[in-house]
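The following pair of complexes shares a single chain, chain A, combined with chain B in the former and chain C in the latter.
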Partner chain A sequence: MARALSSMLLKGFRSMEYSRTTASASGSFLQQRMRFSSSVPNDSDTHDDFKPTNKLENSEITLKDIVEQDIKDNHVMLYMKGDPEQPRCGFSSLAVRVLSEYRVPIHSRNILEDPELKNAVKAFSMWPTFPQVFINGEFIGGSDIILNMHQNGELKEKLKTSSSE
Partner chain B sequence: MGSRGANVLLTRASRIKSKLQTVLEARILEVEDVSYQHAGHAAVKDSANETHFNVKVVSGKFDGQSLVKRHRMVYDALADELESGLHALSIVAKTPKEAGFS
Partner chain C sequence: MGVTKEQVESALRSKFSPSHLEVVDTSGGCGASFKVEIVSEQFEGKRLLERHRMVNGALADEMKDIHALSITKVLTPDQWNKQQQSQTSQPVA
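Presenting the complex of A and B:
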């Protein structure tokens, strides 16, 4: 789980081309996680009190934490099928195209790569489908809503209030 | 379980229509199966069968609700379908006023 999670953190985080920001938030998460890895053997003769607890479990960074960090760190966060260069679904593609009109950095994750992340995002936003757009940490909606907001000017307004990059 | 057995005989489109009608008391309700448009895309495992729908709802229950809230109402009504193979919905959710009713 740890390995899968850490490789996902490194691989899965994508930034759109206008932005040069690296996934530094994910990097620090990864380091924090590794520090708590326990390598002491779990000897059956040892009394329970002295057995190493599974530090990984207690300090584990959950997928929910990752989602919260994603949307906190990034002005625009997009959970989608595929990635912006190669969307794997028409709705995700539409979301990318609409957001691209605004020349803002877009950070995304491909939820097809990780079913657990997919479920975590769905649970977090209480929204059953993808793509999912977050702006300034707020869940905005799917592709229908984004398109609608683009057409009536609401999206422009939403994007104006910018967090520091 | 008996009712679910009966539901299996209906198409998903008719189940969607029925559930939305009940929950949202729709003035206008259009449900269209567009799964064929998405056949072959990622995460649609078998043939695209009853996976993608266009839904248009006009309902007084949407009054004063944001788009996100309206869509949530639709998704909530269709929770069972979403857990049994319904993959995506294109939703148009309008109040009667927005739809041009007096």
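Presenting the complex of A and C:
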């Protein structure tokens, strides 16, 4: 069951750096998502075992926090339809193709698998459509903007500035 | 149902008084997908992201029924003229 819940969080997230270990920073992050999941009323899948036991219990962890964590942790964060290996929309596919040109790690989440996350991302960026690209925590735009910035050289400059300090 | 090309055009015309506007229905007629080229003085001094936000905002009502809006060009008249000069082979609308 715990595995089911954590896979719910990891579902759609593509990254080389994330693992299923619960001891790491991303582990506490998992629990945040679990708390969110288990707060759904009348969910027959919930169980006392999954009540949060850490001090985050009373904090208001939202999907917005997950988005903020995503874009903070990942130099290039892409919210898309499908995943980079198999995009489910031409625009998402375009964004992946453009970003792949730069040979940088691309972290992504498949918003088709999580309508709540989808809405949270839209609200966060105040942007109506997907894909959505964040670089160094900054919302860059959708596929039109990415393509445009690729063509005029701005994307190269954006990606150059490393998030590591 | 879907949104018409004319609805998209009139929303954009009233908001931006564009000197050039081209809306193409890329949905094959069902009105769910459009490609937009727009040139307006109102984009002066605005970053690309802000310009896209302005266009998205102007079409907020229509966006509810549009699945895909591709804004291929969102330019100031100056930028547009420069592009036209450098790409004379491109068909002028």
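As a convention for this text, the second predicted complex is superposed on the first by the 118 of 165 C-alpha atoms of A that agree within 3 Å, B and C clash if a C-alpha of one lies under 4 Å from a C-alpha of the other, contacts with A are read in each partner's own complex, and residues count from 1 in each chain.
In this section, contacts are C-beta pairs under 8 Å (C-beta built on N, C-alpha and C of every residue); 3 or more make two chains touch, one makes a residue touch a chain.
All figures in this text were calculated on a predicted structure; none of them were measured in a lab.
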Fit-or-clash call for chain B and chain C when the two complexes are aligned on chain A: clash
Partner chain in contact with A:G142 - chain B first, chain C second, else both or neither: both
Comparison of chain B and chain C by chain A residues contacted: B
Touched partner set for A:V104, first chain B, second chain C, both or neither: neither
Partner chain(s) touched by A:M126 [first = chain B, second = chain C, both, neither]: both
First (chain B), second (chain C), both or neither touched by A:R88: first
Touched partner set for A:L112, first chain B, second chain C, both or neither: first
Footprint overlap on chain A, comparing chain B with chain C: 91, 126-129, 139-142, 144-145, 148-149
Chain A-touching residues of chain C, taken from the complex the two chains share: 48-49, 52-53, 56, 63, 68-72
Complex interface listing, chain A residues touching chain B: 81-82, 88-91, 112, 126-129, 139-142, 144-145, 148-149
Parts of chain A lying in touch with chain C, wherever the complex brings them together: 91, 126-129, 139-145, 148-149
Residue numbers on chain B that touch chain A, as the complex places them: 37-38, 41-43, 67-68, 71-72, 75, 79, 82, 87-92
